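Here it is, the structure in full.
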Amino acid sequence: MIKAGIIGATGYAGNELVRLLLQHRDVQIVWYGSKSYIDRKYASVYENMFQIVDETCLDDNMDALADEADVIFTATPQGLCASLVTEEILNRAKVIDLSADFRIQDVSVYEKWYGIRHASPQWIGEAVYGLSEINREAIRHARLLANPGCYPTCSILSVYPLVKEGWIDPNTLIIDAKSGTSGAGRGAKVNNLYCEVNENIKAYGVASHRHTPEIEEQLSYAAKKNVTISFTPHLVPMNRGILVTAYASLTKDVTEEDIRAVYEQYYGKETFVRLLESGVCPQTRWVEGSNYVDVNVKVDPRTRRVILMGAMDNLVKGAAGQAIQNMNLMFGRKEQEGLMQIPMFP
Amino acid sequence: MIKAGIIGATGYAGNELVRLLLQHRDVQIVWYGSKSYIDRKYASVYENMFQIVDETCLDDNMDALADEADVIFTATPQGLCASLVTEEILNRAKVIDLSADFRIQDVSVYEKWYGIRHASPQWIGEAVYGLSEINREAIRHARLLANPGCYPTCSILSVYPLVKEGWIDPNTLIIDAKSGTSGAGRGAKVNNLYCEVNENIKAYGVASHRHTPEIEEQLSYAAKKNVTISFTPHLVPMNRGILVTAYASLTKDVTEEDIRAVYEQYYGKETFVRLLESGVCPQTRWVEGSNYVDVNVKVDPRTRRVILMGAMDNLVKGAAGQAIQNMNLMFGRKEQEGLMQIPMFP
Amino acid sequence: MIKAGIIGATGYAGNELVRLLLQHRDVQIVWYGSKSYIDRKYASVYENMFQIVDETCLDDNMDALADEADVIFTATPQGLCASLVTEEILNRAKVIDLSADFRIQDVSVYEKWYGIRHASPQWIGEAVYGLSEINREAIRHARLLANPGCYPTCSILSVYPLVKEGWIDPNTLIIDAKSGTSGAGRGAKVNNLYCEVNENIKAYGVASHRHTPEIEEQLSYAAKKNVTISFTPHLVPMNRGILVTAYASLTKDVTEEDIRAVYEQYYGKETFVRLLESGVCPQTRWVEGSNYVDVNVKVDPRTRRVILMGAMDNLVKGAAGQAIQNMNLMFGRKEQEGLMQIPMFP
Amino acid sequence: MIKAGIIGATGYAGNELVRLLLQHRDVQIVWYGSKSYIDRKYASVYENMFQIVDETCLDDNMDALADEADVIFTATPQGLCASLVTEEILNRAKVIDLSADFRIQDVSVYEKWYGIRHASPQWIGEAVYGLSEINREAIRHARLLANPGCYPTCSILSVYPLVKEGWIDPNTLIIDAKSGTSGAGRGAKVNNLYCEVNENIKAYGVASHRHTPEIEEQLSYAAKKNVTISFTPHLVPMNRGILVTAYASLTKDVTEEDIRAVYEQYYGKETFVRLLESGVCPQTRWVEGSNYVDVNVKVDPRTRRVILMGAMDNLVKGAAGQAIQNMNLMFGRKEQEGLMQIPMFP
């Protein structure tokens, strides 16, 4: 039985971790951390957990938590995990950080895009980037895991095979992404009120969103050269889901069938990446509540571009589900354990 | 292993049956019946099932199905199940009917409210009304089970204890119910288009909705006298969920604590009925995707009325989940088997 | 030209006042008051007004405002208007208060339900309750107008004729109301975040909502006796709209036609109350963006109750539109001036 | 007084034409054409028009209609207008076609993308493409006007100045567009049901959407060479609104200020195109119900691309509003007449 502690258990990603971990047969949650709700019943903050979770929220004491837990999930704003993690903690518990603190290897890039000083750059080198389908072996041996961002997960998995194979020019990549509103978190902000989000769509963070360097770094590894992309996120009036529509110029004369064969080769044995049938566009509704990423491709012979598409649930594969997938790998469990929820529709 | 067949597998309730049965460790689905999609891949109708369900849709042949299945679910419009069921079928397989055909004991009441002729009234007497929390023992021995309607399930469970105890005058009951749009089914009708439902709320079937006599019959058994109620359903712009707000005059001078004690007595040992803490109103978001019904009560001393409230997921406890709960009882399984999904939020 | 000032111009009702007043041919807005946004461009708070409103937000100085304006609208939380209004101000400008401060004649009732001390009870007697269809003559001569609450407007207009005629027993009245989320205001609260409201319906303020005594007082005048009702509001995932479903016992043996004839008599000449054709239920989508209230009735012979229904836009007839309707009356203008917007669908 | 007839008055665009024309002081609607609802009261199909429109739906007889009307709007599926228009009709009435029949000059391109045979190619040459801001002078003299598609209107206006000036390479243009669901029309299709659209986002018509050649043709005129673009539409769970996010490579070293100056030069005097302040992204909520298109630009120095953005209401500027703007020009009226509705929020 893996003992798990959560710091930031009352955010949306934290609550999703609770939902999924409770359904994992080999995990026990031992710590519901939430600075804002200390001493309050967890189930009074999230009534879905009424009569399911009896525990009370605790504080952010990662040191005490490391004594009780085998794994610590930090589902907190940037900066917190970096400020708490120590050698002593990592000797006692594995840490899976859902924030961006350890995703980017170049600390100056992190500090520039996030606008904060990194509190423990010495750990960046050890941290493993937890995109399970791509970094599986390294993840198995990680003590400190950087769980990928929601947009990067969907973006990278949607385009990775063609970048890796060199079939597209990665510097022509334009990633136009759309996210449900749970990605904006549970903070009380006017911009996230129902009446502000409903009946609206907008781009935000244009040419400046923090997930850009994360995507670029991972694609640079795949391309074996520096990659610079355009990335634009949009806010969509729905609770869950990310859709990626990516455009890139082909470097060689290939057909849709050729490209699908490559995707099949990369993802054919993956449980959680589903290459849809030819001509079927990914839609967020078909993955809601599950750890699946649905991908597909479309060649446009008129422009010699390929359109690469992906859909997933931002709270599952884009956050809590992938964190558990990584936990399974780190603890030698079956990767799919606790993650075989069937997408719920409608 | 229980072999299950579904007639009407491509409606919303049918798809929810598939989702839940696939997660039931002791069930195998052997028949995906769908007259509209015969020979088409089930997963091409419901892409959430891609790479999960490989089967193709079959027709409505209940006789052939009875050879292959231990249990047949009919998730079809009124009239179909009644037209198909025979002694020969019931000898081979148990039938759980999600339509209204066998819910109402008085065939003239059925024919008046539903406006169709009942094709096999001879089976009505044998059919058991499958509100698990109330009819548990009879359900265990049923061959033909009438799965309750969505509104009746939420309405009856919300008010049952006080009707049964005689603490309210059942003829003062006014049930104002609100449902998500999946309850309207997947038929292509202008009234159910996105732009017609979104940004709108309306009452429908005022003083004439077919679930009225079903609620009245069950409450009459509880009250041991004829009960006539007001029932008004409303359509709400959301996918899932039913909320019941019921009003009734108290027959005696009792406090909220007294009433909660009665509810505790009726539901304290029930897994799927959660009596919320005092002052907490049921909300559909806290039960989405699960088999729970959340209930609570509020006494209004100014009017000497009590307000009884309930919330549930219309596709789970209001349809597929309750059908599986009944199946578990009918086959001697643990009632909760396959039904412990934690509500998904947001 | 009527010079109008708005205190609270950056709330949802304030912005709706701006939208409607700008389309009124006989009004000029001279003061955009907003304590939270002083010195900020109004159009940067509400970008719909970009290139339409060039003004900057000012503070709440009602005294200075009274020098510049003929009419002052206060679209602010309870308590503010009562704390600001003085004889000197009322001598210079008419005041239309969209808060509850002057709606309730009995100050102890106000203080009990609102939980605050009334700062200027001496003005309550002079204030006129601005339900235009019912109080038209008194409104024409008012200096201080109490604009009705959103729920009371829809509730009272839906039931008024039968209460006035004595055809229903008003103490059997149960008003089950449903509102869009703009009614909750633009404050940054977790409960009003998109993900909390979307895919959810809930009751709130059960047996304790502040609009209850306002409805009761007005119905008591109509009934010429004290009326006590049940009133339950619900929050619906949509931006705009209120739907009222009201239930009452008939005191005499009347048909739907009889009742419709009474409604025709009361509302036949009213521009903004539309008695729908027999059998057509009011829906919020058909009144969105307009000052209309759609009403209809349904007799249930089984229960000898009548169901009275109404739908309106909470920000127009329920707030800003009705305030302008009252302004027109107070300034001797045509009542419909600036208010003939056609409902926008979808 | 301009007498207007509408063929296809019961679609969403038709109903929006009715809403707007009724508020135009110089127009009288003389014909509500709707093949599906002949002899039915218009207001029973669209209850928002109750007590506002008393007329009954008529058939598609364009010849009879030309005797009664000065202008005929066809808000019908592709093919119908082309099959009805004749010299005799055009001699008596001006025709504004909201379908695609006369938008594309090359009939073979039309027939290839739309998959139907054009019934009257002889009129294509005379038809004027009605993007008012760009074709104003030609529109004034048109008899037969091709009202632009919704996506083309928003797309072209968002990118036009830079294509015209040659500051971007038009063949690098990637237009990622997002639309509310009213754009899909009022036909009863499973894909447009509430539960299918809600909580979902999808791309559709990838590399094959019919609006692609329309955009390309107009941009080719601006660029004075053949332009081939990538265009991908997406369906968003909201009623109204189109958002365009377009990406292109800059051909010269310019700043955001330089580009904004060009946009200012093109649109500074336009009533309906609003260049937002620097850094403010267009959002559909700020234009709902109005004829405005909000545009803005963002230079990304990292990629030497510019991101061009636009937002508008698909039923107003994208259909009915622009049709009326064109009508005003064709009849010598003030272009803004009847179109100064302020965007409604929320």
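Should a chain be cited, it is by its letter among A, B, C and D, assigned in written order, with residues numbered from 1 in that chain.
In the analysis below, contacts are C-beta pairs under 8 Å (C-beta built on N, C-alpha and C of every residue); 3 or more make two chains touch, one makes a residue touch a chain.
These numbers were taken from a predicted model, which means no experiment stands behind them.
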item	value
Touch-network distance, chain A to chain D, counted in steps	1
Relative to chain B, chain with the most remote C-alpha centre	D
Between C-D and A-C, the pair with more C-beta contacts	C-D
Separation of mean Cα positions, chain D and chain C [Å, integer]	37
Between chain B and chain C, centroid-to-centroid distance (C-alpha), Å	38
Distance between the centres, which are taken as Cα means, of chain C and chain A, whole angstrom	46
Sites on chain C at which at least two other chains make contact	12, 182, 195-196, 198-199, 237-240, 283, 285, 288, 346
Chain D-facing residues of chain A, complex	171, 174, 176, 178, 180, 195-196, 198-204, 206-207, 228-230, 232, 234, 236-241, 243, 245, 247, 281-285, 288, 298-300, 302-303, 305, 307, 309, 311, 346
In the complex with chain B, residue positions of chain A that touch it	12, 15, 19, 22-23, 44, 46-52, 182, 199, 239-240, 274, 276-277, 280, 283, 285-290, 294, 340-346
Residue ranges of chain A in contact with chain C within the complex	12, 181-182, 186, 188-190, 192-199, 237-239
